[in-house]
Amino acid sequence: MSVGIVLVSHSPALASATVEMARTLAGPGVSIAPAGGTADGEVGTSIDVIRNAIADADAGRGVVVLMDMGSSVLTAKTLLEDLEDGEPQLRLADAPFVEGTVAAAVLASTGAELESVARSAEEAWSMRKL
Amino acid sequence: MSVGIVLVSHSPALASATVEMARTLAGPGVSIAPAGGTADGEVGTSIDVIRNAIADADAGRGVVVLMDMGSSVLTAKTLLEDLEDGEPQLRLADAPFVEGTVAAAVLASTGAELESVARSAEEAWSMRKL
Amino acid sequence: MGCTCQYAGAAVGGLIVNLDATTARAWIVRVAELIHANEQRLTDLDATIGDGDHGANMQRGVAAAVASLEEQEPEDAGKVLNSTGRELISKTGGASGPLYGTGFRRAGKELGDEVDVQAVARALEAMLRSIEELGGATQEEKTIVDALAPAVAAFQETSGQGGDLHAAASAAAEAAERGAAATIPLQARKGRASYLGERSIGHEDPGAASTALIIRALADVTAP
Amino acid sequence: MGCTCQYAGAAVGGLIVNLDATTARAWIVRVAELIHANEQRLTDLDATIGDGDHGANMQRGVAAAVASLEEQEPEDAGKVLNSTGRELISKTGGASGPLYGTGFRRAGKELGDEVDVQAVARALEAMLRSIEELGGATQEEKTIVDALAPAVAAFQETSGQGGDLHAAASAAAEAAERGAAATIPLQARKGRASYLGERSIGHEDPGAASTALIIRALADVTAP
């Protein structure tokens, strides 16, 4: 199984849609889970929702976390501190949400390691489209 | 009414979710429309779907178009050429999809002009999250 | 500015000079009361320069914190603040959740089972530093920090000059309120409001406003 | 490699030396036949380094192009190619749609009502340039360009040396097929397959493969 990928968004729909898109591009072998919205499916961020998604996505090789913005970033950082010495291995990726997810998912599907997957997401800042 | 914004994605769900998110952040005064997937709602890109979304979003002040990747970019560029001398005024923005959309939508809600709205989307490449 | 809340009893008949477990609990309960009374105002402020959920977010967070304190009986103030932080992180649902939550947890960790005004000064400073660290904000960026930083400075100054817990907390509350008001002319550089650019100018920051309530609550429950 | 398709009749009894409206229509119909016959192969190639829809995309696009040609009767080859381009853009639904579509439209515009082999050479060159411009790809990036560029060069060389339309198209088709095969060891630098990085090495590019079919179709319908 691949390195895990978790997408934190304060919008449940955005997290799910981006997961779907990444699955289409990277194939079914990628372990990727959405962490969108609060526990009752509202817009917002929930540390418990993120924690559960990480547990879902983890296959023992660590989990890369991408965040859309604002409270997603702050909550993911808070969770990282909580887990500092624990399992699973977490790596927050500072990346554009969609572009970084696609890059990370495709690379993860090749069996790449945690750090390279995270870095491929972060390199998406230097991508250009036109 | 604000400058229009159109989001081209080959995923209908991603276009809609991003529009929703931008509306939440920028308020109801922003004219923003999704152009996701093909005419029958499948994954893919359709120049007609984009053309219709542009007509929806245009309120006479021009339309900024953001694209997720690949065929979305190529189809939007093709459409731009078709309209070269016509209405409405189109400006393709080379921007990270979610981050650029949020920046563009919020700025558009302040009444800003086409070129500034497009530029605010493009400046989102230099945003950092951590 | 005497305390009229349900926990006023804790102070009846004596000066509160220490932040013991009872006073810490009273603080959090008073925070919940003030947030509840100001929920609409916080929501309105956030609707103007954010997404209009700060009142509801804070209300949800502090209600969970109070409920959790009712279930357990943390034995010292440090544990009270830690439990409060945990609930705020878990239930608030906005950027303010991890920020205040981390702030209360670090304050609780710093305080431990100490109770005196110097320890409280250090705890508040730890709260400020952890919020700055997590959110990356410095002063004048139109955030929580603009109310909390002057509050901590005023608390330290007053306590450093021999002021007691209530005197220090009162000075801090006034400084926080001034700091919150002073966010009005600022342009937001952090958080959701920063997307507005110059349009964020001219309105009080909702997070700074809720910070002023949090510090005011401490002054309230330590009033003689 | 004679033409066995339904439009072969257009060529019966004479050498086809010009790309008139009838021959241009026959070309597009033959493209549709070859795409149809190779749909699964294109899909499989795209499933390996893309999203597995290139067969279906091309099938949808060329079917729409043929249907549109049946409805109207464009009076010259330029208009046939223009109509084909419009349908490909509108119906294909993948990156190949705007690329081939723009290519056919520009070729049609360049051709206009001209018919001779030199005009066809210029039209194919216009197709190549417009695809390069739209997609930003140069050779060796594992795309359509890797089949089309050598095809155009071979067409120009053969026609420049006095070769007729069929000779030039046959040389172009062979060059396109070699170009497509030569994409196997390349790493994709454009399009969806580029996300795979090195994993894209070792497989033929689906777009280059469909380009080879498109040029082969022209050789087929111009065969004596």
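Each chain gets a letter, A, B, C and D, in the order it is written, and its residues are counted from 1.
Rule of thumb we're sticking to: contacts are C-beta pairs under 8 Å (C-beta built on N, C-alpha and C of every residue); 3 or more make two chains touch, one makes a residue touch a chain.
Here's who's who by UniProt: A, B = phosphoenolpyruvate--glycerone phosphotransferase.
These numbers come from a predicted model, not from an experiment.
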**Request:** Name whichever of A-D and A-C has more C-beta pairs touching across its two chains.
**Result:** A-C
**Most distant chain from chain A, judged by the mean position of its C-alpha atoms** = D
**Prompt:** chain A to chain B: how many Å between their CA centres?
**Reply:** 24
**Asked** Centre to centre, by mean C-alpha position, how many angstrom separate chain B and chain D?
**Response** 31
**Item:** Averaged-CA centre spacing for the pair chain D and chain A, given as whole angstrom
**Value:** 40
**Message:** For chain A, give me the residues that contact two or more of the other chains.
**Reply:** 24, 77, 102
**Prompt:** Which chain D residues sit where two or more other chains touch them?
**Reply:** 192
**Prompt:** Which residues, counting only chain C, touch chain B once they are in their complex?
**Reply:** 51, 192, 195-199
**Message:** Considering only the defined contacts, which chain B positions touch chain D in the complex?
**Reply:** 38, 42, 44-48, 70-71, 74-75, 77-78, 81
**For the chain B and chain C complex, residues of the former touching the latter** = 24-25, 102-103, 106-107, 110
**chain A to chain B touching residues, read off their complex** = 9-11, 13-14, 16-18, 20-21, 24, 43, 67-69, 73, 77, 92, 94-99, 102, 124-126, 128-130
**Request:** Please give the residue numbers of chain D that touch chain B in the complex, ascending.
**Result:** 53, 57, 89-90, 93-95, 97-99, 101-102, 134-135, 191-192
